[in-house]
Amino acid sequence: MSDRGLAWLLLSPALLVLATLTVYPALWVLWLAFQYRIPVFGISRWAGLDHFAFLAEGTRFWNAAWVTGVFTVTSVALESALGLAIAVALRGQRGGRRTALALLLLAWALPSVVTAKMFEWLYHPAGGLVNFLLGDRAINWLGDPALALPSLILADVWRATPFVALLCYARLLTIPPDLYEAAEVDGAAGLQAFARITWPLVRPILLVTMLFRTLDAIRAFDIMFVLTGGGPAGSTESLTVYAYRALFQTLQIGLGSAIGVVVFALVMVVAAVYLRLIGRPERTA
Amino acid sequence: MAPRPARAAAAGLFLPLLLALSAGGCGERPGAGAPITLVFKHAKILGPADPMPGLLRRFEADHPGVRVQSEALTWSSDEQHQFYVINLEGGGPPFDVMMLDVIWVPEFARAGWILDLTSSVPPAERDAHFPTAIAPAMQDGRLWALPWFMNVGLLYYRADLLAKYGFGAPPETYEELTAQVRRIRAGERDPSLDGYLWQGKQYEGGMVNVLEALWANGARLLDEAGRPFPEAERARESLAFLRGLIESGVSPAWVTAADEELTRRPFGDGRAIFLRSWPYALDLFELPDSRVRGKVGVAPIPRLRHGPVGAASTGGAHLAVSARTRHRDLAVALARFLTSETAQRAMTEGAALRPSRPALYRDAGLIARDPSLPALHGLMLRGHPRPITPYYLMLSTTLQPEFSAVLVGRKSPARAMRDATAQVEHLLRSVTP
Amino acid sequence: MRAGRRRDAVVLLALSLYAAPFFWQALTSVRPDAELLPLTRLLPSRLTWAHYDVVLRQSLMPRALINSLGIALLSTLLAIGLGALAAYALARLPVRGRGVILLAMVAATAFPQIATVSPLYLLMRALGLRDTWLALILANGSFALPLVIWLLTGFIREIPRALEEAAAVDGADRLAILRWVVLPLVAPGMASAALLAFLFSWNEFLFAYSFTATEASRTVPVALALFPGVFEVPWGDIAAASLLASLPPILIVVGFQRYLVRGLLAGALRE
């Protein structure tokens, strides 16, 4: 068999699976978004742009878009700052690196449902550690519409910061120590050394990391669905949670798909913007 | 109710055989040959003495060669619904008789998952149930399920506190309720004593409380054509009233996140004057170690300016026969037996459930055990079913966030009604060709 | 030197505090029920295994653990099996449109699950696969596949071609080279990719929640999210169940850290 033939033979199972279970659904969801589709009642009709028109007029959609926006921007910003700080702190670590990384990565590796349940308990008004440490307060972190979103963001920051920290840390390790020694000779230390050496070198990788984190934050579902369920009163209902409720709680597959398509589009736009910021990714050929 | 693996395995072994037999079209002849197993899906019955095993053995005795296998559903109503949807659409082992939350019956009928019982149930048997229990089991003029037990919303009040402050009767209007709360709390000077507790969480129970507030003011959620808020101004007043309960402190802010149990407990601990809940709580308040034993009265839900007293939501469970049953006649017989007067009497005696048959509320033997029955009889008669439509669950889950937003103060009633209307109209466009 | 060691200890202490939410959950899982609500003291007066006993004997958790383990292993196997073949072709064989395929793989890793869950649901429904292992194996395996292909393609490229050429001179054909030269050399890379695929499947919630209905296929995250409480939330039991759900991630972070880190870095940095 020719190499070319063999190549396709080896590729085809994977491509077949991806075509059936990824590409086909991705195209199908576009079609569904233009349908009234309620499987339990056998409803399947063309809806045209009705779902999108309905979303554009509805406060629920714009509320969800706002929640997704605030959640994404705030958590990515916090994760980046905190992650970079942890990476810088870790860089000087000599002993116990493995332990340090294990402690750090644990938060990232746990199922987000576990994280959500953990924080639900931490935030519990009467049994939670947070109120206990604040001196026996009775703050209802997840029940107060003003506090629920910040509380949710904090849980996500806890979960995702290690990812940022790890990538920045890996980059920092590749900076030769003599660069810092040279800077020290020039009288630059601490913040100055950071601004002159660390920042320029770590900036590109931080941007890439932020890209990943932004995409993940837009797509995030588990943590808000389990921690707050989108409540109270919709104050933490992101686009993904709204889509899920439309899909599986009110069984409107068409409307839910339309919201899914919006998330899809958002992800693509954000990816394009970041890629422009970062510069064309290296084509590996 | 420990699972019996051996029996389940035996049923599994027999099943293919049964399928082969019934595929021959010979129908069902109990008594001849292999035993027939009927599978009955229902939620676990709580209460002092589970009457189910006895009832099922009795049915088996009356139908030789038939065995009834009782399978427990999960606790939460949402999960039960999801289980049914996935199972009834195909896949999953079949079952014969199933317990349905009353609000699901039209949906299951419209989806074709349950059998039309109209011709199997004589009119007299149907009329022996409360009309408020039969109405939600009807769809397109046909009967799809039989009422098994029934619920209705009640106002619980602390009779001792009301008497202490000279209130001879429980409030008929919410204005009176508010006045009584103010007077009693001013007199008691106990900051931990709450006024009026109800369920404001974003879930079906919250929906029930909103509906009751609408009805209490003579407003409906939907008109005959399914359009929302036909009495818009009254509906707005109702929503504003619920929010006002919280703003004025008559109800604590946490009721917006509370379900039945979260509100039952403080009232049961003596930390509230009024509570809106279902009849099940009464038994718990009268337990020997209850702190409010002998101090609790029940009354109809009060009214607002334009509505009637006691416009409470009904609830409860119905029994339906799966469209996939292989033993149609036996399954119908089982559903009829379990909803019969005999069975409902046993359920009333053994479990903390209220029957759907008015006759049992006048039964001297039952009244001797539960003196609240005559009072509940009137309330059941006055109760309102929630909107009877196959799309109820879709409607409810669509509207819950809007109402919840009003209760926590994130949206004005007018705004929430506008947003709710847009969503209901979109939903109706989806389901009506 | 002493200052350095003290600094190391401070960083470790800070990171332990960072992981405190997890340790708190662990402590909750052995705290007696009576000391949970309200919380009046930081450390429990005694430790109890009661919550684990409830979870292991009276809940769906043991069954969910088996489901999760089976589904995660099989979907990992699916992704690695198909991914390794495809990656070898992309790395070493002449493939027309290779650049486009690789770019598509990167793009596919950004697919939001919420957008594909509805068509996949309809697909599983049409195939009668709801509430089965197979539905989740296919969904999770295919979702992890683009990342696996991307990672393995890179790892295979790192292998010096000379080794394969030497084998070819000895008369080995392509498949023999793949089996006897490439696969052993890329094994650590495959371990990295497999760990990520396994973690994804173990942690996955949306597909599992949408496609499953009973203990036949409920996975750990779903069982945990729906952990039943009749009258009140059993916080101690939930904590015990979360600890059980965290065992594989802990094992990976502690025992296979090197592979995990390599996979994460390769996935992010090679673009």
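A, B and C are the chain letters, set down in written order, and residue numbers restart from 1 in every chain.
The rule we apply is simple: a contact is a pair of C-beta atoms (placed from the backbone, for glycine too) under 8 Å apart; a residue touches a chain by one contact, two chains touch by 3 or more.
Quick caveat: nothing in here was measured; it's all calculated off a predicted structure.
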### Message
Graph shape for the chains shown, where an edge means the two chains touch. Line, ring, star, complete, or other?
### Response
complete
### Task
Write down the chain pair with more C-beta contact pairs when A-B is set against B-C.
A-B
### Query
Where the CA atoms of chain A average out and where those of chain C average out, how many Å apart are those spots?
16
## Note on the structure
dist(centroid_CA(chain B), centroid_CA(chain C)) in Å evaluates to 42
### Task
Note the residues in chain A that touch 2 or more other chains, in rising order.
39
### Query
Which residues belonging to chain C are in contact with no fewer than two other chains?
125
### Sites on chain B at which at least two other chains make contact
85, 89
### Query
Which bits of chain B are touching chain C when the two form their complex?
74-76, 79, 82-83, 85-87, 89-92, 261
## Note on the structure
Given the complex, residues on chain B that touch chain A span 85, 89, 107, 110-111, 202, 254, 256-257, 390, 393-394, 397-398, 401-402, 404-405, 407-411, 415, 419, 422-423, 426-427, 429-431, 433
#### Entry: In the complex with chain A, residue positions of chain C that touch it
4-5, 7-8, 11-12, 14-16, 18-19, 21-22, 24-25, 28, 36-39, 42, 78, 82-83, 85-86, 88-90, 93-96, 98-99, 101-102, 106-108, 110-123, 125, 138-139, 141-143, 145-146, 149, 154, 157, 174-175, 199, 202-203, 205-206, 210, 220-222, 224-225, 227, 235, 238-239, 242, 245-246, 249-250, 252-254, 257, 260-261, 264-265, 268-271
## Note on the structure
Listed in rising order, the residues of chain C that touch chain B in the complex are 125, 128, 130-131, 213-214, 226, 228, 230-232
### Task
Would you mind writing out the residues of chain A in touch with chain C in their complex?
3-4, 6-8, 10-11, 13-15, 17-18, 20-22, 24-26, 28-29, 32, 39, 86, 89-90, 92-96, 98-107, 109-119, 121-122, 124, 126-129, 132, 158, 163, 166-167, 170, 205, 208-209, 212, 215, 218-219, 221-222, 225-226, 239-240, 243-244, 247-248, 253, 256-257, 259-261, 263-264, 267-268, 271, 281-285
